[in-house]
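What follows is a set of structures for review.
Note that subunit A is present in both complexes that follow, paired respectively with subunit B and with subunit C.
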Partner chain A sequence: MKKKLIIFTLMAIVSFNLFAIDVNTIVKNYDNNSVFETSIVESLIVIKDSLGTSKQNIKSWSTKDGKTLIEITDGPDQGQKVLRLNSSIFLYYPEANQIIRLQGSALKDSFMGSDFSYEDLSGDDSIINNYNATLMSEDNSSYIVKLQAKSRKEPYQTQILTIEKITFVCTKATLMSASGKELRKMESSDIRKVDDKYVAFKVEMVDLLKRQGSTTLIIESLDLQTPLDDYLFSTDNLSW
Partner chain B sequence: MFKLAWKNILRNKRRSILSASAIFLAIIMVSAMLSLYEGMIDDMRQNTIDHQLGNINIKTKLYIENERILPLQFYISNVDEKMGKISQVEGVVSSTAVTRIPSMTFLGEESYNVITYGVDFDTSRFFNQGILNEGTFPTKDKQVLISSKLADEMNIGVKDAFTFLTKTAIGGSNALGVTVSGIYSSNNMDMNNLNFFISNKQLSKTLRMVNGATEIFVFTNSTVLPSEIEKVINDSTLSITDWKDNSLIGQLLDLVKVMYGFIEVIFLLFASTIILNTTMMSIIERKREIATLVALGYSPHWVRRLFLFETALLTLLASILGSVVGGIFISILNKTGLDMIAMGGGSVSGYAMSSYIYPFLPFENYIYLIIIAITISTLTCYFPTKKILKIQPAKALHDET
Partner chain C sequence: MKKIFSLCFILLIMGSAFAEPSIQGDFSLNGNLFIDNSLDTNVSSNALINLYLSSKSNNVKYTIKNATTIASTTDVTNDIEQAYIQFRIPYKENYLIFTMGKTPLDIGSDGLINSGTPFYINYSSFPSIIQTNPWIASMKVKLLQLPDFKSINMELILKLPVEDTDSKAGTRLTFDVNNKYFGTLEASFLSDLTQSILSGGINGTLFFDYGIYAKTDLQNVKNFEASLFLLKIISDYSFKFEALYNNSSKSLNLLPSLTMNINTKVSSAFILSTTYINKSFTLMPMLSINLNIVQGLDAKVIYTYSKTIKHRLSASISHKF
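Take a look at the complex of A and B:
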């Protein structure tokens, strides 16, 4: 009897481990879901602060390797563009003499006064290449994963993500500095399936270093099919 | 009494010169000090009015409440209409719209943090004191006037172009390509930083402000009250204040004047101690003379008044001479100016001080100085001369023989 109990317990443990998902798989699935070969997104940015609310429509094009072009599509700032290539940001203003290049810490500057930085809206979103992951806990619906940056060049050295088990969409994130200071908090909702990906169509970001306010990015259209020419991500194209 | 006093002054020239020279030197020093004060204060006041606030300053209340974060969205709109109304107030000379904002300039790969001033080149007083080193004032919207310091820093000259980037009133950012029309140096040290000037109309457009500015400077030639401006504009969102209420310098002016008044009195008191000494010596030396006068029928009070009169007369002469010499010295300095930077004045940036100060002293100040000098020296000698009242002629004459 005792022998049967031991065998049964051992089989249960083995079968449990066979079906348990490891953190690298979670992160891999998250990456597969959130990193797109190409994307064309039209969205609305709503910026709220202590002095009021402002809205702006933007269109962005991006590729898997982090190249991103953002254009303001309406309002007085229509025609302004932001191009992210590697670690540089190029700004195009219709009335300027030259394309303005920002590097280094300027990438952490706020995009249009919002709670998103230039880095947040562009660049390589892949987790698995840039972070080491640890599974902190899980419940019925989500995994809580802690990410530690592999190199100091990452804008957020530590991240704690809440990843949905079914969709592998990050619904909450706390973004921290190397010292563990919380820099930003993100919440996403309105998750929809586009082609074979799950995408949050509403993302709210709060800059914890500001006293109050938040920025909400609402996706109005998303195209993951159209291939994008490299020329689109060139400084020549910016002023065109 | 005058003849007798004058005779007594001339009788002991050495003592008289000693007494007078203390007052003479004190008057020169005090007048020089006061003239420097007047020159500095007048300079700082004028620079604050011309370059920082106007006689009356207008901003929106919300802008003032949030000023530390440069809330451009709380700009003054329809400034032309408002300035039209302001011009109807009696005593208003002119008004001008101003926008001041930090920005970045870009030239190739280099960038610089600067202050951008949006001004009306016709009505602004930013350029009252200074030199146009090269070029001209802007005549077109996308032309700018840059400070000589910015020209050196960016290594650019007239007709060169650069781009500046700034935040806007709608929360975004904007950049504009501009061309240098001229290079300018201001006498006001605070204006000689990394800054440039552009027409407020153009800057307002770049910042997405509708016919706007962050403030209006109102220049007046009389005591126009902010309430009179408030009445014609009739806009409760605006804060309209006198420059003194807005400026640390304005609030300190009266205090500094009082302090200088005290210093003036102290200087004259020190000088008066010499007169006090010589007067006391004089009383002791002239005991026989005093006794004789009393014996002849003059009252001790009259004799006392004679001594005080001598003191006053000596002080008057010394003060007048000191004022004349001091006045000549001050008028020379007023022509040449004092180089404040050479004197270490560069460390007082932020106080709207010019690099050259022109000391001056209004005529009435000399009169006040003379009156104060006479008053102080006479009062100083009041108690020592009490001794005269106690002199008994018979005893004094007996002791002297």
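Take a look at the complex of A and C:
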């Protein structure tokens, strides 16, 4: 009886290890799902605070290597554009017909008064390239993964992500500073399959450094097929 | 004035042939209260309507921006701030960009005072902070595209003799370095033979976002200006420092400012304008509070003190449409 129990226990351990997934695979699957060769997204940003709600429509174009162009297509800041190239951000104000270059800490600034930073909406989203990951826990539906930045340049030095087991979409994230202070919380929902990727069409971000309020980004259309020309990400095109 | 309206109308017709226009604008009511040392008060008020009409298609865009100030039933002034059309044609994997009309050219830094623009040179002790946009015809071409978004561009510029201004012709060269410390290097030369202005500058990031610009009149090189622009944004605080030295008037203007976003609706700014001329300083502090009441509706209160105007309290309410 004792021998049977030992064999059963050994089999259980072996089979558990056969089906268990290591954290690098989780992160790789997450990256494969969330990093697109190219994307063209039209979305609505709803900003809520103590004094009311404001809305802006944006269109963004991005590539796998982090180049991003965002244009505000409707709302009070209509016509303003944001271009992200490497670690620089260029802002275009149509009324002044002028481009302003921001760098460094400015990447952490709020995008158009929302709870998203410029960094949140642009740049290289890859985890494998920028973070070391550890698996904290898991349940039937999700993995809880802790990310530690490989370099000081990352705006969030620590992240705790809840990643869905089936879709490998991040449904919850807590984004923290080097000291462990919580900076932003993100929740995503309305997960849909587009081509071979699962994408959350609704993302709510809360900037925890602000007293109250939240920002919801709702994707209205998503195109992952159209190739994008490099000229799209030039400062000449930005001022067009 | 009639000619300018006709030109704007032609631009509008040309532009309309290509794309649907978008109209934006704002309306503001402004009030000023002046109190001098003897506590005598003087009140003035006006209404300002800004209209911004623009349209763009793949290769053509135009913009008209008009400001109307109504101080009384008889005192109505109209100022066309921008009226230009741009079109671009494909050229060697890039575009040739043509511009015609009254337009702000992105020469120099994003400062209130800078020596980047080569269209004129100041001879007064105080810089003309609000500069009128020039009427130009220009063509911009990318001479060389390098890896990592680096490029060298050339712009041929003809300044047109509209609104009683002089005409000049010249060129502008820019080198977009776009690395960790340097943004754009630029040099411009504009001449009408009696006055030839050479200007140059660099911007980038070295802890601060910075811009350093200088220009001189080649016929009289002692007439030169140099300006510095520094900007640092840390969370909800934005610090800006601007300086302008004018050698012909031996004057130095300093403009430090601190802007703070108190929350998403309220922001405040403190600016200390300082002028040094003839071994004496003149200070002009200014404090403003801006309240975003609802989306598109803003209220602003500004307090300014100076030796000449003494105390000035301005309040305005504006609505975007």
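List of remarks:
Going forward, the second predicted complex is superposed on the first by the 228 of 240 C-alpha atoms of A that agree within 3 Å, B and C clash if a C-alpha of one lies under 4 Å from a C-alpha of the other, contacts with A are read in each partner's own complex, and residues count from 1 in each chain.
Heads up, the rule we're going with is that a residue touches a chain if its C-beta (ideal position, glycine included) is under 8 Å from a C-beta of that chain, and two chains touch if they have at least 3 such contacts.
In this text the structure is predicted, and so the values were computed from the model without any measurement.
Subunit B and subunit C, once both complexes are superposed via subunit A, clash. In the superposition on chain A, A:Q78 contacts subunit C only, with no contact to subunit B.
Of the two partner chains placed by the overlay, only subunit C lies in contact with A:S87; subunit B stays clear of it.
In the superposed model, A:I218 lies in contact with neither subunit B nor subunit C. In the superposition on chain A, no contact is made by A:L44 with either subunit B or subunit C.
Contact with subunit C, but none with subunit B, is seen for A:S234 once the two complexes are overlaid on the shared chain.
In the overlay built on the shared chain, the residue A:M112 is in contact with subunit B alone; subunit C does not reach it.
Between subunit B and subunit C, it is C that contacts the larger number of residues in subunit A.
The single stretch of subunit B with clashing C-alpha atoms against subunit C, selected from 185-193, 311-319 or 329-337, is 185-193. Touched by subunit B in one complex and by subunit C in the other are residues 47, 51-52, 54, 76, 95-98, 100-101, 113 of subunit A. Subunit A makes touch with subunit C in their complex at residues 47, 49-55, 76, 78-79, 85-88, 94-106, 108-109, 113, 209-211, 213, 231, 233-236, 239-240. For subunit A in complex with subunit B, the touching residues are 47, 51-52, 54, 56, 72, 75-77, 80, 91, 93, 95-98, 100-101, 112-113. In the complex of the two chains, the subunit B residues touching subunit A come out as 62, 66, 71, 73-74, 106, 108-109, 161-163, 165, 167-168, 170-178, 206, 208. Contact residues on subunit C toward subunit A in their complex (touch as defined above): 22, 24, 52, 54, 56, 61, 63, 65, 82, 86, 88, 93-95, 97, 103-106, 110, 140, 142, 148-149, 151, 153, 176, 178, 180, 183-184, 203-205, 209, 232-235, 263-265, 292-296, 320.
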